[in-house]
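Letters A, B and C mark the chains as written, and numbering starts fresh at 1 in each.
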């Protein structure tokens, strides 16, 4: 019971704060004063109190999209063990359900974007669909690297196995996994170099242009869903890279939070130093990520561990 | 054997992929230099600290590492960069194989190398299981680059990558070479690349080869094949 | 000591040429250097005639096989050096052979000799590879001596294809040494040919076969075996005439020599697989040479394709179990091809044209080169009394005796096509009338012995084979033809 409580507390408190941390990193890197750490909380709170504006061309699908997306993401988030504790939802094969739920959330967002009938949002949705499809193999291959040694495709076995290996330092395969996962992370979260969350030109946006017509609580749901995605994926990343001690809850919590802060720093750092890739290069970037992960699987196979 | 070796070999494979998928010659040359660096470090990683205890081998290893470092990570990239500036060809324009496909093909070659290295060849005792596949993959990618490159410099880079692959395989199979062989091979590669670079920079229209399959025919009046 | 001199003297000469004050100085060094190299080789061969001699803890070694090839290199190189002097003196007079070019030529020319000598005396297979790649580098410099677009392009193709090919030979070398290392005892080195030969019967056949495939493809590229021959016509036809003569005359032999060095090791380890691997490459080269000769009009390219054919014949002869005939053929081809390139070079240079469909009346304008070209072409297509006829007959008879009737039949067909394809264009140059007002060109006096001496040797050998040559051939062939 205490585990579930801890898990829920992390899920509630963590996501928006982590999002704020990414903003802080970028502000510091650019020597700006920047928004405070808790700015996303303020934004969401503000949006939740506002009313929503609906275009006359939209259908109920437009309203349903953000809700379904948030629900799916939240459900998926319940399957990832955080800080060494058992996840509230854990069963063999939960990894596939997890990936499916994340995809479903994206699908709902895209549907509601298409529902507006606007050319811009349609374009954003089409790009989102294309890139997500190309990033998906990378995710599955990384999950394969994580789960193959344990034998069961579930998060708890995978993380148990990973915590035993000694992490990145001991096993070069995990480096490959981490590279591929990093590429997937940036794509999935629509960050630079795939997409620029701060751009002002609709033509170059992907994620932002999809949610352009949403307002009020709908937009808040999308924001929360996005932050939760960031939180959960970064948690998986931490487990991939660093051995999280399974039997020391406090140490595990510290490792997790420090690792997530590190990933926020990684995202913010990349956004501070690089520019967006040309759209034609994105495909190459993602194919590259999949290839790297595939080589990881091969190496794993070679070492007789799969 | 050691994680250091595996890490270096993985880096070598990663560089193969990068070279095959980037279109800027400068980036390719830099990647090539990086691969040279990895190659220079390989004997150190393979032998670990054992080198330092066996006094007779120290000179050999240090010489080989220094020579590789100087030639493959510094002199050769420098020569290639100069040739690139002189020839004025900066990128692989209109490659025969699109970069996406090239990346996938390269990945296929890496897979093939892993398959050959594990399923076909017997496992060598005392050698990193990654060693032969990594060398083979590098060799195949190099061969692919020399065949698919439209610019002359890409072909030179392909040749270098191929040579690196051969060297890795040799390193894995033999552990060490006689010093004269190792230095001789390095010197030959250096001179070959220098010569190639000079030819590329000579402005005789070979910087982008392959429009007519590089046939250096004397100017006869009638087209060949008409007779 | 002699072994070291074989390498050091050419290198010193190369250095001297690189520092020479002018083109005439280089051209003064060239012929004497060529003759000095020949003299050194003669002494070294005499030293090694009874027992193989070795130096540098076994890394260098001369035995009967290397002696034979060393002699060929020495003769062809000395002749080519004499020819080069006459050839480039004309260029100097025209102001087309300046100091920088002369220095480049001289340095590369003697470095080329040093590297070929090293190929032949190396007992360390890694060193053999290094020397082989060095021959490519030095000769590529010679191919693009004239920095015009076709030459640079030919040098590029040559350098690229041969370097990549030979990198595969390095892989083969490593594979062989790696396999040898697992079966060798203490005190032996997996890189020394002599040690490898001792250990060969203990090696695993599969691993050795794999290594030999890479060695064959790698050194075969350098030898111009089809289908890896595509660089050869360009490089051999774009090079200056003396360089072409050495490239076609002996450099191809050196590459074949490298392959034949590995044959006994492979045959001992695999029960004779090496020979059967050579046969398809040989046959394909014969076919390619024959087919392309028919379509070609450029004089020097015709000769280059003829080289592809003859390399194929030599490889085939070894594969059919007639190594002595192969060596005899190697020698005959070197002598005939050398004269052919000398004569063709003079013709092309003086007439300013290489198109066999346009040139005419060569016997009136340039009688000696015309005679040399036609006589050597007839020798190359095995017209009796050329010694080439004898060597091809010898190999065909041995091949049939060893039961390879189909291969011999295909080979004879290829030779017949070559006969027609090569003779037709060259005869045309002789009987077509000379252009209006064509004057007779002067020929340097040195061309007389350079042309007539090798031809006379070929004619005599075609009629009568001296005992001593026969025993030399058999001794050298015994090294290639070790049977399990």
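Of note:
Assume a residue touches a chain if its C-beta (ideal position, glycine included) is under 8 Å from a C-beta of that chain, and two chains touch if they have at least 3 such contacts.
If you're wondering where the values come from, they're calculated on a predicted model, not measured in any experiment.
With centres defined by CA atoms alone, the chain at the far end from chain B is A. Among all pairs of chains, B-C has the largest number of C-beta pairs in contact. Nearest to the global CA centroid, when each chain is reduced to the mean of its CA atoms, is chain B. Mean C-alpha position of chain A lies 66 Å from that of chain C.
Here the spacing of chain A and chain B, counted between their Cα centres, is 37 Å. Chain B and chain C have CA centres that are 30 Å apart.
None of the residues of chain B touches two or more other chains. Interface residues of chain B facing chain A in the complex, by the touch rule stated above, are 3, 6-7, 10, 13-14, 17, 21, 99-100, 103-104, 106-107, 110-111, 114, 117-118, 129-130, 133. Here chain B touches chain C in the complex through residues 139, 143, 146, 152, 155-156, 158-159, 162-163, 166, 169-170, 173-174, 177-178, 180-181, 184-185, 187-188, 191-192, 195-196, 199-200, 202, 204-206, 209, 214-222, 224-225, 227, going by the rule given at the top. Interface residues of chain A, counted against chain B in their complex, comprise 169-172, 175-176, 283-284, 287-288, 291-292, 294-295, 298-299, 301-304. Chain contact summary for the complex, chain C toward chain B: residues 59, 124, 126-127, 129-130, 133-134, 136-137, 140-141, 144, 147-157, 159-160, 163-164, 167-168, 170-171, 174-175, 177-178, 181, 189-191, 234-235, 237-238, 295-298, 300-301, 354-355, 357.
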